[in-house]
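Look for chain A in each of the two complexes below; its partner is chain B in the first and chain C in the second.
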Partner chain A sequence: MRISKTLYLFFIPGFLLYFIFFIYPTASALFYSFTDWDGLSENFRYVGFENYERAFTGDSVFAKVFVNNLQFMFTVVVLQTLVALAFAILLVKNTKTNVFFRALYFFPTILSSVSVAFIWAFIYDPTFGILNSFLESAGLGAYTLGWLGDASIAIYCLAITQVWFHAGQMLIIFVAGLQSIPEDLYEVARIEGASKWQTFKSVTWPLLAPSATIVVAYTTIQSFKAFDLVFAMTGGGPNNATEIIATYIYEVAFRSYEFGYASAISVLFMIIIGIITYLQFKALRSDRVSY
Partner chain B sequence: MLRRFPVIVYALLIIIPLIVVVLTSMKTIQQTFQNPLGVPEEGLQFENYVTLFEESNMAGYFMNSVIVTLFSVFFTLLFSAMIAFGITMLNNRLGSVIFAIFLLGMMVPAQVSMVPLYSLVLDLGLTNSLLGLILVNISVTLPIAVFILTGFMKTLPKELIEAAVIDGAGNWKVFARVVVPLSLPSMSAAAIFLSVIHWNDLLYPLLFVTDDTYVTLPLALLQFQGQYSTNYPMLFTGVIIASLPMVIAYVFLQRFFVAGITAGAMKG
Partner chain C sequence: MSKKWVLAAGLLGMPLFAAGCAGDDEAEVAGEEAVDLSFMHWRGEDQEVFEELIAQFEEEHPDINVEQNVYPSDQYMATAQRMLQEGTAGDVFASFPGAQFEALNEAGFFADLSDEEFVSNFDEGAIEVGQADGSQLALPYQLVFNMPVYNKAIFEELGLEVPQSWEEFIAMGETLKENGIIPIAFPGADIGPNQFMNSMVMNNAPDGAFEDLLAGEASLTDDWWVKTLEQFQYLQENGFFQENALGTNQDAAMALVASGEAAMLATGSYHMASLLELNPDLELDLLAPITVPEDEARYEGIHTATFMLAANSNSEDQEAAKEFISFLSQPEVASTYANETGQHLTVKGVEYESEALQNTAYWIDERETRFQPRYMITNAQVEDAVLSSIESVLGGAAPEEAAAEAQQVVEEVTE
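So, the complex of A and B:
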């Protein structure tokens, strides 16, 4: 086919916006990360790798934030993947009730993070929250906790909220994956006299690997980006216990006006996500089989 | 029956908080403190809804969200469809390079560029304007939309496009009369995916809007938290008003929502 010149016009509006509001700011984050810019004044100095040195050696909060983010990520990835997979297996057949339950589980995904944050703030509220009220009425009053107010468990409380928020979406991906596994393979397993666990291990799981890759990769990225939820639910508190990288960038840039340092953390953030995504795809790809 | 038990328990974990939200929005704060889960003897009332509309610019926030979402979704779809069409028609290395450039954008989290993006929007005089929000929204969701639509357009039968070209149709005509109508299934899935993102976005209003005139619903909710603190009846009234359009749409278009949001996730 001959390509006429007007075809190039199709790229212009999108490319222009993408360049101005995405590529340019992302690239300038790299530039500002080598400066001491405060975000307001005209003047700033080139400071070399000072900001990066500070992130690695001079900032105990950043170290804590990084660990928080990893704790949040691991909890969400493990819990969300297990919950989604377990219920996908239970709800795999397209019966009317199963379709209803899947739609119900999916429901929280359409809410805004701020709404979900409020709902769960009420659940976790130490004085009249649903969770403590429930524990007390069940005679488990001894187990009531401060939840989000308790620095040692707050990040896990947030992780559970994140799972409630998004597991339904991952469940749908697993259901699609399970439904694409050919029925004859199960037939063969049955004839060979394989147990349920053996069938899962040698038929379902290997053929589910592509879906699992998507779920794990997506959940990981999502857990790094949980800015809205954390910001609205705890604001990073108590005592930075729930601060994650994304909220810390906001904090450093817009509360202490250290744009240069915030840019350096942003660049590190991008590198961390890049490495994790790469490692996951490598690890999960090796499990793949063809049939 | 044993299989059903966990399914029902998880369903309750979703339903009970939602019911509590609806009930609480129809209670006073005293009634909520006394009995967080129950229905008060005095019965339920809609006082909080009236108060919220009186005490805040709720109608305005709602309109802002509607305008920002409609324009952001429409132009993201239009521009990404044009790019996907361009990539499909080029069908060469340049097309792949353009595709890769957009793919890169999908991997970079929005928070990475929020600092320089803020100063850019400030320099352009686009803070405190709906236009600023719309332009940034389009730019940020363009990559994922390009990805979804390119994937779909590449599967369209080449013969149809070639036939149109042989008949002397220019690029615009092929785009508007052939490719877009054939791509409607994936475009509507993308539209739903984008609506949910844009309707619920908090980050950009938080960064760019300080003037009450331009506040959208998620930011308004966050400000209610400052205003009403732990007055959950008022907060939940806000939550319900802010969620209502998406909830209604979900009830009627459920299948498309699941397909649309999952397509976005699979490819994101």
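So, the complex of A and C:
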């Protein structure tokens, strides 16, 4: 079949948008990562791999930020996947109650990040916050904490907020995945005398692998890019304990005026996300089966 | 590349251009010769007052329209530079002193105001911070005291005097604690460390200490900074701050002072109006901790000349921009702004009407204050390292270790 040349013209608008909003900025970031551009001046100098060298060997804050981001990512991926999966299993049937609860759990997803940050900053507030007030009224005053002000737990507090914010979205993906599993397979498992755990392990999970792949990959990327929540709730503090790569790039670019170095970190950031996503896809693909 | 951009923009913008053609004709006729000025700043809370002043300005200058572009202060750095670069906003703009002023100056965004008559409307000493290479590039409008605000009634009730030394400061805190009052409400989650450090360091650090730090001639492991961190540690460990101070934001800290649970708010004079809104019965003044013996104290407080007004050197309407700055620098206009926003200003001849401003105006002429040391740190990463060492100590780290860790970052950045 021959495709008329005029049909190619229909690709142009899409290509232009992709070029302007993705290819060009990415190529620019790559270019500037080899310069000392401050983001303001017209002049800059080519510095070779100096910015990359600095990220690996001459910036102790970046090392800390990278570790923070990994902690945040693992906590969010594990918690969000487990919570979303557990609720999806409970709410998989299309009863009126289940549909209501699905909508209820999905609700945080439609809120703006700033609203979520405001709500949770109030919950965590050590003086007037709901969490400490609840602990005190329950006779657990000894367990009240500074939450976001405590460097050892602040990143996990943010991770919990992120899970609350996005678990509903993942729940819907899991519900769709669960509903696509043929009922016959569960019937066979029942006839064979499989326990609930065996049914989950041998039927549900393998057939849910495509949904799980999407959930885990999406959650990973999302948790690496959780700029808005972190920026609005802690600004990266205390003592950089909640600084993640995305907020650090902002700091370096817009507060320190080191666009060249910020671009180098952005390129590294892109590579890191690419590698982690590839590894996840590979690992989760091996779990996939078809009956 | 620029040709491709033009082509792409042209293709995408063609339908909009076609749809907008008729409207363009009308606008040209109606607004002939009119200049549209963009005034970019971060003071959302002053937007209403500025609207009032802009209306007055437009009445006096019918050929100039002024529109405010307000961005929150935490996003202002990023937004301002982008807007100024694109030329989409900011014919007149406000700049922070310190790192932002330096960066914008290096990029050449400031029009030289040195020869403008209205410069003489400002207090000479206060506007030095807006100078570079002998030129007046920006004019600080507000005069802020970045030192704790205290509840005078509590002090009077307990028979407390304003402390003149570290020993007296500690004794004052102990008395407050004995009476069930938190000495200092410290908003450690946001602005606490970057504000309170100024008065904590003012008598500990030699003049020029942070400039020397950036030049590699001083270190955060030097006595002056380690001593400051030790004093922070003392205040934290001895209950001078509220519990979980690092998790408390400024709104919560203000609520503690407004309700009388805490005696001091570790922020600055700019919060006095908000505190009075929360509790109009409060009697407020300013008090900085003196961290040395009385005879060694050189400064009594901290001041900052900020909200630096500037004309964009890339603006096509520079004359109109300067006209607007000139208007804001008139004493009557500045008085309206000062009284409606509860701010002290750098403009000469301002008449302060509110009781709170009158009561604290003596800090301008009668007290020895030091320009905010934090703004002498013109590298944001060094500033972060300095502040992180405070947070680290408040989080339980030893002062020497926190100082050494911060110094490592300083060396990485300045090398």
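Here is the rule we go by: the second predicted complex is superposed on the first by the 273 of 291 C-alpha atoms of A that agree within 3 Å, B and C clash if a C-alpha of one lies under 4 Å from a C-alpha of the other, contacts with A are read in each partner's own complex, and residues count from 1 in each chain.
Here, contacts are C-beta pairs under 8 Å (C-beta built on N, C-alpha and C of every residue); 3 or more make two chains touch, one makes a residue touch a chain.
Since the model is a prediction, treat every value here as computed from it, not as a measurement.
**Student:** Name the contact category of A:Tyr250: first (chain B only), second (chain C only), both, or neither.
**Tutor:** Both partners, chain B and chain C.
**Student:** With the two complexes superposed on chain A, say which partner A:Asp38 touches: chain B (first), chain C (second), both, or neither.
**Tutor:** second
**Student:** Let me test your reading of the model: by the given contact rule, A:Val61 touches which partner, first (chain B), second (chain C), both or neither?
**Tutor:** A:Val61 sits against chain C, while chain B stays out of touch.
**Student:** I want to verify the contact counts: of chain B and chain C, which reaches more residues of chain A?
**Tutor:** Chain A has more residues touched by B than by the other partner.
**Student:** With the two complexes superposed on chain A, say which partner A:Phe128 touches: chain B (first), chain C (second), both, or neither.
**Tutor:** Both partners, chain B and chain C.
**Student:** Which partner chains sit in contact with A:Leu90 here, chain B, chain C, both or neither? Use first/second/both/neither.
**Tutor:** Only chain B; A:Leu90 stays clear of chain C.
**Student:** Which holds for A:Thr277: it touches chain B only (first), chain C only (second), both, or neither?
**Tutor:** first
**Student:** Can you list the residues of chain A that touch chain B in one structure and chain C in the other?
**Tutor:** Chain A residues touching both partners: 20, 39, 125, 128, 250, 253-254.
**Student:** Report the residues of chain B in contact with chain A in the complex, numbered from low to high.
**Tutor:** Per the touch definition, chain B meets chain A at residues 3, 6-7, 10-11, 13-18, 20-21, 24, 32-33, 36-37, 79-80, 82-83, 85-86, 89-91, 98, 102, 105, 107-120, 135-136, 138-140, 142-143, 146, 162, 165, 170-172, 175, 196, 199-200, 202-203, 206-207, 217-218, 221-222, 225, 230, 232, 235-236, 239, 242-243, 246-247, 250, 254, 257-258, 261-262, 265-266, 268.
**Student:** Mind pulling up the chain A residues that touch chain C in the complex?
**Tutor:** 16, 19-20, 38-41, 54, 58-61, 121, 124-128, 144-151, 234-235, 237-240, 250-257
**Student:** Okay, in this complex, where on chain A does chain B touch?
**Tutor:** The touching residues are 1, 3-4, 6-11, 13-15, 17-18, 20-26, 28-29, 32, 39, 83, 86-87, 90-91, 101-115, 118-120, 122-123, 125, 128-130, 133-134, 164, 169-170, 172-173, 176, 214, 218, 221, 224-225, 227-228, 231-232, 245-246, 249-250, 253-254, 259, 262-263, 266-267, 269-270, 273-274, 277.
**Student:** Would you pull the chain C residues touching chain A in the complex into a rising list?
**Tutor:** Contacts found on chain C: 8, 11-12, 74, 77-78, 81, 85, 99, 103-104, 106-109, 188-190, 242-249, 252, 255-256, 379-381, 384-385, 388-389, 391-392, 394-395, 408-409, 412, 415.
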